[in-house]
Structure formats: C-alpha cells, structure tokens
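Once you scroll down, you'll see the structures, which are given as structure tokens.
What follows is subunit A paired twice: with subunit B in the first complex and subunit C in the second.
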Partner chain A sequence: MQAAESTVDQSEIAKFEAMAAEWWDPNGKFKPLHMLNPCRLDYITKQISVDFKRDLDADKPFEGLRLLDIGCGGGLLSEPMARLGASVVGADAAERNIPVARVHAEQSGLDIDYRHTTAEALVEEAEKFDVVLNMEVVEHVADPLAYLTACQRLLKPGGLHICSTINRNPKSFAAAIVGAEYVMRWLPKGTHEWQKFITPDELFELLKKAGLDPVDRKGFVFNPITWSWKISERDTSVNYVTASVKPL
Partner chain B sequence: MKQVDIVISGGGVAGLTAAAAFGAEGFDVLCVDPAPPVTERNVEGADLRTTAFLQPARDFLEQANLWPRLQDYATDLAVMRIVDAGGPRIAARMTKDFRSSDISDQPFGWNLPNWLLRREMTARLAELPNVDFRPGVAVADVVTRETQAIVMLSDGDQIRARLVIGADGRNSAVRQAIGVGVKTRRYGQKALAFAVTHSVRHENVSTEIHRSGGPFTLVPLPDYEGRPSSAVVWMEEGAEAKRLFDLAVPEFEEAMTERSCYVNGPLKLASQKTIWPIISQIADRFYGERTALVAEAAHVVPPIGAQGLNMSLADISVLLDLAKQKPDALGSTEMLQKYHRSRYPEIQLRVTGVDMLNRASMLKAQPLKDLRAFGLNALHSVTPVRKSLMKLGLGVRG
Partner chain C sequence: MDNPDPMPILPNMENISDILIVGAGLNGSAMAIAAAQAGFRVTLVDSLPTATRRLPAFDGRSYALALASQRLLSAIGVWGAVRDSSQPILEIKVSDGRAGEGASPFFMHFDHAEIEEGPMGFMVEDRHLRRAFLDQIKAEDRITYIPEETVITQEVHATHFVVTLASGRDLAARMIVGSDGRQSGTAERAGIKRTGWDYGQTALVCAIEHEKPNNGIAHQFFMPAGPLAILPLTGNRSSIVWAEKTETAAKITQMSDSDFLDALRPRFGDFLGQIKLAGKRFSYPLNLTLANSFVADRLALIGDAAHGIHPIAGQGLNAGLRDVGALVEVLVEARRRGEDHGTRPVLDRYEGWRRFDSATLALATDGFNRLFSNDNALLRLGRDLGMGLINKLPRARRAFIREAAGLTGDVPKLLQGKPV
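The block that comes next holds the complex of A and B.
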C-alpha cells in the first residue's frame, strides 16, 4: 500500500470515482441498499434522537455524537449521519471500499474518517463511540458473539448499538437468496449463506451475552406492489433491525 | 430518565377516569392534556355536555373510588321516553316509555355535567401520590420500542413508560404517532349542546324526540336556580344546526320549544351553547406496540342512547382487568392483543347499531318516518323484546 494518498496515481483515482458512481447509483448494482436506505435511516435517526434527546428538526441534531459505521461500504449511511452533524468513523474490512467512500465524501463536501479496519482492531486502539451502526454485517462474520462483544466494547456506557440482519426461516431463504440473488439479480450469487442467518431471538441472546441490553426489534418489510420498504412492528420474518443499549 | 408504568394522553372524562382507576391499583401514572380542564359551569370553554353513566359504568366508577365524589351531584334516569314526532305537524304522535323498573331495581343511569366530572376527578387525582396530572402539556411524539414507549412531551420532558394509553379524542395524537388508521362516516349533521330550564318537572324521565335531521334529547339535571332543568343534545343537518346556533336567544328558545313538542313546557336557555360535527368512526385496531387506544381515540358514535362514554369506560375496565391479572406484562403485545380482541367486535356492533339509529332518526321522507314509528311501536309492544333491548342498551348483557 502507498505511503500517502498524494502518491496514488491518477488512473487509480479515476477507477475509484467510477466505483463510487456505481455505489451511489440508485439503479445500479446496489439498488437494494438504496431502496432500503430511507427505511433504515428513518429507524436509525429515530432511535438516536430518543436516546440522546435530539430534535430531528434541528439543523445538525447529531452534533457532538461520535458514531461508528461498521461495514460502511460506499458510505451510504456514513454520509447522511455526517450531514446530521455526527462525527463519523466509517470502517470496512474490504480495502477497496475505503478510497471509493473517501472520493464520494470529498465530492459531497463531507469530512468522514474512513478506515480499512475491523471492529476488533478498533477495540485494540481503545476507540469509543456514542453510537455503533452495525447494518447487514453480522450474517457475514465467522464468530458473531466475538464480533458483537467487540461492538459492545466500542461503545461508551449508555451508548446505542443498532444491528440489522436477516432472519433464518424458509421465507427469508426464498426472499433473500432465491429472490434477491437469483431472480432479481439484485445481489451477486453467493452473497449470503442461509445457514449463517440469525433469528431475532438468537440475536437478542447473543446481544445479551455480548454485554448489551436489547430494547427493540422491528421488521423491514418489502412491498412488491408499491416497490418499497416499510418498518413493521410485527413482521420480522425476513429483514429486521434491533436496538440495544450498553448499560451505564 | 423518568420512568412510569403508564402515560395517559388526554384529560377528558375517559383519561381522568383511567388515571384514577390505574392509580387506585397502585400503578405509577402520568396523565397529560394540552388544555387545562375547565371546572366551572359558566365560563368560556366549559364542556356543557352531560354524561349519563349506565349501570356497568357506575360500578366501574365505584371500583375506581370516584363514585363517592360524584353521587351527590347525579340525577337518576328512571324512564327513557321515545317520542316520534314524524307526522306532518311538529307534534308527538307516538310516545313509548322504557322503564328501568321493568328490568332492575336501579335506574338506567345517572346523569352528570362534564365540567363537574372534571372538577371532581382532578380533585381525586390530587389525592393519589402515584398519579401525576399535568394539564397544559401535550404529547409531542411517541416512539415505541419492544420493551417500552418513549413519550416526548410539549414541555421538553421525555418519559419512558411500559404502556401509553391514548385517550386523546377523535383526532388522537397518539393514534397518529403509532400509525393506526380510522374508518370515518360523516353524516353532515351537527349537534348542539346546552342546558335549559322548564316549568314542567322532568320526573327523572329522559326524552328522545325523533322527527328529521336527528334526535332532540332532554336528559334530567338537578334544579338550576330554583327551576327544573335538563341537558339538551339537539342534532340537525349541518347548515340548519349552524343557523339555530346563531339565532338570538328569544328566537332560539322558540325554535327549541317547538322542536321539543312542549314535552316539558316552554324551554329557557340556561347556559352557553356548544356545537360539534357528528361522525361515527372506528380505529383499524385498538392497539399498537406498547400502546392502547381507548374512548374516542378508538371509536366515536353519534350522541344517542348514552353509548359513547359507557363504551369508553368498558374499554378502560377491560384494560385494567388485564393489567391486574398480569402486572408484569403491562403493555406487552400479548396483553394488548387480548384487549383488542375483547373490545373490537363489541365496539363494531355498537358503532353499527348507533349508526342505524341515527340514520333512522335523520329520515326526511314521510313513508319512512311512518315506518320508523311502526318499528318503534313493534319493538315496544313485545315485552321480551323491549326488555332485551333495554339490557343491550345498558351493556349489562353482551
């Protein structure tokens, strides 16, 4: 890896710009994330606003909050969080995502600290956050409990952990793998391994074992008629999200 | 972070009753309402409607320890008189009495003015150390989590509760915050409410006079300034109701006396008038996560047969029973689904029933009005049918 960004050659930058354009194209390769994003953002902003008593109508409601976006990808969540005033660290274990996210943040005029690193490595560096966003990651890791424990250790006492993933049942298999990967071709085949999916009850248990206090779960439900996602109190059968608090 | 068992949004008769009832069982309660309650009769904003508590509602007020404060002000309703004045002239052409003594040794119900209910109920809440009543404060937003509800108040405070009770009326802010829809039927009618005095004693008879546009109902009140007095609810087609509302007092008195078919003699206006639109409405469901909807937040019926508030108190009674059975499960999905399942079918039935009564009373066409009188006669003449109807109306029988 190059010593400094200034030494990155121009063709590399052009390549990252092209990849960023791809990440941020609402009808491109990451269309499912773009479609889900308003729903995810709605949930995340509401949860943060109640726990930190922030008024979402204010100019920069999340000012003064330090937020970690794990698995930040192209920055689809990091950027709106930075716009709302949070001081954002975006982390991704996939090295190629980092310069892509950086290029786009620069184009958007946002100051976001993107790092090629892992939750475990950040714990080693003694980093602490008010909020950890952990969206659509836990179903891809080898040891979910170790991973969630690392997330817990990254939180300040009273901090908020938001974690979304996919349920494990025949319906989620049909929707996430057959539907999204094979039929709709939204995601590359092999993106998900169904056996690694976690049910909401299992996730609640894991979160408790990791030292967190789970307080909420909601479903993200896709409506094929309106072609949009909505938050559901009751239907957590496929995509769902949880909120947990680190005890004081 | 403030934490209570229950936040009640709404300080009307239903909300205050809920606060007293849950408070009496030892739950920590915060009750808020954007408007301070008006607890005097002759001031701007006083709620001049009256509430007739039917037998089961009275039992519930007894249980909530509210009845001892109220009984001295209550007027018995011993007879419900239904008058059909649907002939070509405005005159009673058929009068049928339903007597509570046919089915019970108790009156049908007890009538009280709403402003007085608020005065006595807020006084009762002040005695309960575990109940905090904050008038002048509204619910700004509700965010619910699986484990609790977080209520944002208009004074900037944030309260966490295991259960939120939406008792905040037909345009319930709580219902909107949790995204529950409603089905609404509009009749184009408005209701006028006011108090009157009259020369003829009411003898504890409540009289409902049907002609067209909706019923004109006189409900007994205690004497006012030395004269017999009644509360009136007068329903009319919207434009006509507005015209009546704007009449000068002598013309208004003349109009209402004629409409009353002189059953209590000439009527004198004895209060300000209030006017509001008549709708019937039912919420798509009576609960959301950590939230129960009660009273007009869940259902609205036209003011006929004293059904509205009595349905509301039954909501609160069911909710309280569920809370007492499993206090630890207060606000859980299981509890709230039980509440919904126990109330929804019954409410649906009553909303439909009152809707039919209202539409029968609004009839303009003469043959239909004649049919209505014939139907009333038929229902009344068959004793078992009459008694069943009375019990059904009272809610003493499902």
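The block that comes next holds the complex of A and C.
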C-alpha cells in the first residue's frame, strides 16, 4: 500500500481533492447522506456508548475501540468515529474513494486507515474489530447472508454490528427510488434495485443465521416540512437501522 | 528534493482552540463560559482593557434579565455573584400616556403571582454583571482571555479559521463567534450584509434615586415620541429608558442634569416622590439591524452582531443569551456525534433555531413601537381598548407574562436551567 501511494502523481491528488470537496459538500451530490448523517451518528454513538460503557462527554470517548466502516465512501462516518477516539479502518470496494477519503482525513488532521478492500478480504487477513459499521451497504450486495457472515467473523466476541438499510414495500419504493432518484435527483438513477431491499424481519433472520444476536431496530424518518431526519421507535417503513452483537 | 505539500499548512494542533470569540461583552462572555464548561477550549479576544470591564462605580446602566436568562446565568455559575444586588421584577404595568396628562385609564397589569415560575425577571446593574462574568472567565481553565486586542483580518480555511490581531499575532480556531455588536467587524469581514433601518428615535438612559419605594414594579408608558420605561433597581432607585425623537433627544442630551430632571418629571407623575440622578446619563440612537445570515463557514454571530433590535421591551440581552444557549447546545450535540463543530451543516442548525425567532422579535418590537410611538387619536383609542381588553383576559395576560419571562418557544436547555 505504501509503495502504491508514492506513485500517485500531483495531478491525481488535485483530482482527489476536488472529489473530496464534492463528497464533503453538504449541498452537493451527497446531500441526502449529509442530511441523514446526524441521525445515523446519534444512533451509532448511543449504541457504542451503551454497549462499551463510554461517556460521550468525555474527551475521546471511543479511545481503545477498533472500528471498521464498511463502504466508507468519502469518510462521512469514519471521520466522526476517529474524532471520538476510535481507531478506524475505512473500507470501500470502490477504489477511487480511498485516496479521496485519505486526502480529506489528512486535511482534517485525523489518522484513519483507509483501504480498498472488502469484508471478505478482511476476513482472509484475520482482522478483528470491536465495532463494525455496515451502513447502507447490504441492499447493494449479491449474497446478503454470505456478506453478513463475513461481518460477523470480523467482530471480536461481544463486538457490536450496526447495520442500516431500506425496507421493501410500496412506500419505500416510492420514497427511495421514485422520490430520491427520480423526483429529487438526490441519487443517480439506478442506485437502488427495489427487489434487493430487505424487510426488518428478514434482516433479523439473516443476522441470526449469520451468527449475530439482533438487539435493536429503529427507523430513520424524513420530515419534508422540517427537511430533516428523526430517529423513530416504530416507523421502520422506509429507512431503518439495527444493532446486533456477536455472542461471547 | 522534498515534495511540495499540496495541503494547506495546518497550524500546530495544540495551539488551535475549539472556539474563538470576538468581543467580551455580556453575550461573548456568557458564550465563553458556557462553551468552556461544556468542554471546549475557548479563546476570548476583547478590545477593552480588563480594568474597564471591571470598573466598580455604578455608571447608570442596568439590564432587565428575563427569568430564562437568569436561569442561564445560574447554570453557568454567574448568578450567585449578582443575586444579592439584583431586584426581582414582580409586576409590570403598561399604560398609554401623554406628557402632562399622566397615564390613560386603560392599562395592562402583569403580576408574577399569576405564573408559578417566579418573578418575570430581574434588574441587574451592568457593573455587577461585568465583574461576575470576568471573575468566572478567570476561573475557567479552558478560557484563554486576551484583552486590549482587536482583530484586523480573518481568513477561513477548510478545517479552521485564522485571525490576525492588531499586534500582529495570529490565532487559529476551529470556528469563530462574532459577539462584537451592531457594527460587527466579524460579520463585515466575512461579507455578511445587514438589513435594517433607523427609528429616528434615541434612547436616553439613566438611573434615578427616588423618595418612595418602587415595590419591584416595572412601568412602561407609551408616549407619542417613544416609550418610557421605569425599571426597579435595589433600594429606592430605578433605571430609566426614555425614547425620544432624535432631534428632541439631542436637545435633552445637551441639558444640565437639573434641566433634564425637570423635563423628565412630568412624564411619569409623582408616584415615586422626589427624584434625582444616580450615575451618568447615556444616549443610544435606536435602529434595527439584522445580519442577512447568522452563520458562514466556521463562523457564527450572536447577540447584536446577529440582531440589534429596538430596546422597547428590554429584549436585547435576553435574545443574545438565547443565542448563547442555542449555539452551545448545537455545538455540544455535534461534538457528541463526532462531527466537526465548525462546519456549515452544524452551524446551520443554530441559524435555523434562532433566525426565525430573532426576526419575529425584531418585527414585533418594531411593530409595537410603530403602533405606540404615535399620537394619532384613532390608534390611541384602538391600543387603549386593546390593552384594556388584554388586561381583562387572564389567559392572554399569562401568555404575555410567560413571553416577557422568556419561557415561550423552543427554549435552549441552559435557559431552562438544565445542563447541556
């Protein structure tokens, strides 16, 4: 990895800087992720703080925790986790995201280990983590059970797995595909295939089959009046998030 | 040969503060203390020398702190130092008047006994507040206080903000807070334009000593030229805020103290007995100035820098402290999530919270002033009937009292007296 890095030329770096700026522009191409981010972070930080008994008002509350962010993109979740003190590995199957995320982390003065790799490859390397963040990925993979099993194997016993995705029903089809891709143009057309969406009950079953104990599920609900997202105890009809733990 | 560094050079991380505050007036000081107590490393730059902020003599200036503001001061540990020298506002009497005629028979009367929360507010002298804030600033380990310095340039970078002081010293911070008043240099240097207008009125401010006790009652008389407020201080003293047309005010400002008192006396009758001046006289031209944006990249405005309003209802400092409560709450929530607290998505939450409220208050005080600073017979009759009507409706009256106490709307936690 080190050798590959040094062969990157300056014009490439300029391109990555521009792409990083795009990833991190709250009103740009990734606006929906930026809008959803505070809500995702509220859920993630709360689950981690409860599970590992950390005080979120402490300085670097997640110090000593090794965390994997799968599908890290530009680092929208990796950076907050690193800022809270976690030792973060950001993995993305899209190679071009890696230098982009690296450039931004360096600008932010954060030390994050970004890698172009997959959950399966990390299992091969016998990597182990306290926390695996698996946000908005499972609806894009070909074999969800194999993928979630890999996630489980990456966890230390007692480790925490947080997984968010999109429900499968007419409302989620309207919201995620017609709304987000066609009407709002938030996401490129073809980002999602509705048949691949998973219901919360199906996801709980898959998590159990993968060897994890599901412990929580909540909805992320968009309010078009306040133009913001809220965590909902009950409404998992479109976007939802789950927490599961690897048995000791 | 070394590779050229394509990144902006980041100043030594140890020297970057989390929040740099420009202006150590009451709002800036409250912001510094509240943010430091919430765990942020704060740098506070002030153009005035410490000795000026600490001047012990009563200079005639005082503030009407709404109950919610008093709760914020309690929460940040400043209230204890000013409590004994504050005067609770137990009742508010509002009436319509014309010089020489006394108050009209129609008036509104608000008594704190009608709400369970306590007094509607407290009158506190500026000198006591200044000293209490300064003592608390000194007691906070996380505050670096730099008096007698002015910011001359500022520059925003991807991850931080750099300001250059008149002495040539550079300071870096994750974000900057402008609490530098109506003519905020922080806002101007960031290219934030302002909207506003002049009222053609000037506020004459002073404190008086009087023969009879004030009983903790605040009076507001609506005179054709502008409102006159008599606000109770401790002992037999009151604070006067007298708004006049600017030309008239200029003449009054030129008067000797005894001529000034002769002009003041007929305006509120003899219910306080003999009066004399206690402290200096001040005059402030009244204008409304609203920043077109309260935030920019890594920058937020609070207090008059964001919204200078008509002081008709004494809401200036109270609105500023609401900014402080809201901004600190937004920043603390961002830090708990691991967000970079100086980024626009975070600061936009503060603006979304405060902007509507501030604009409403600015327009309400403006409309109130336009309605009452008028000698039109029809308007006069209308507002007298309106006041008489509100006075007869307990629910409306209680709503007014809660509004005056700052207990309405989306109240930041610190102003509810709760930790952030």
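What to note about this one:
Please note the rule applied: the second predicted complex is superposed on the first by the 245 of 248 C-alpha atoms of A that agree within 3 Å, B and C clash if a C-alpha of one lies under 4 Å from a C-alpha of the other, contacts with A are read in each partner's own complex, and residues count from 1 in each chain.
The definition used in the following text is that contacts are C-beta pairs under 8 Å (C-beta built on N, C-alpha and C of every residue); 3 or more make two chains touch, one makes a residue touch a chain.
Source: prediction; values computed, not measured.
Annotation: superposed three-chain arrangement on subunit A; subunit B versus subunit C shows no clash, the two fitting side by side.
Within the superposed three-chain model, A:Glu124 lies out of touch with both subunit B and subunit C [touch as defined at top]. In the superposed model, more residues of subunit A are touched by C than by the other of subunit B and subunit C. In the superposition on chain A, contact is made by A:Leu84 with subunit C only, not with subunit B. When the two structures are aligned on the shared chain, A:Glu17 is found in touch with subunit C, with no touch to subunit B. Of the two partner chains placed around the shared chain by superposition, subunit C is the only one that A:Gln107 touches, whereas subunit B remains out of contact.
With both structures placed on the common chain, the touch criterion links A:Val50 to subunit B but leaves subunit C unconnected. Aligning both complexes on chain A leaves subunit B and subunit C separated at their closest CA atoms by 5 Å. Only residues 143-148, 150, 152, 158, 288-289 of subunit B touch subunit A when the two sit together in their complex. Looking at the complex, you find that subunit A touches subunit C at residues 10, 13-14, 17, 26, 34, 37-38, 41-42, 45, 56-57, 59, 79-84, 106-109. Only residues 46-47, 49-50, 53, 214-217, 233, 243 of subunit A touch subunit B when the two sit together in their complex.
Of all residues in subunit C, only 4, 6-8, 10, 13, 39, 158-159, 336-340, 343-345, 348 touch subunit A in the complex they form.
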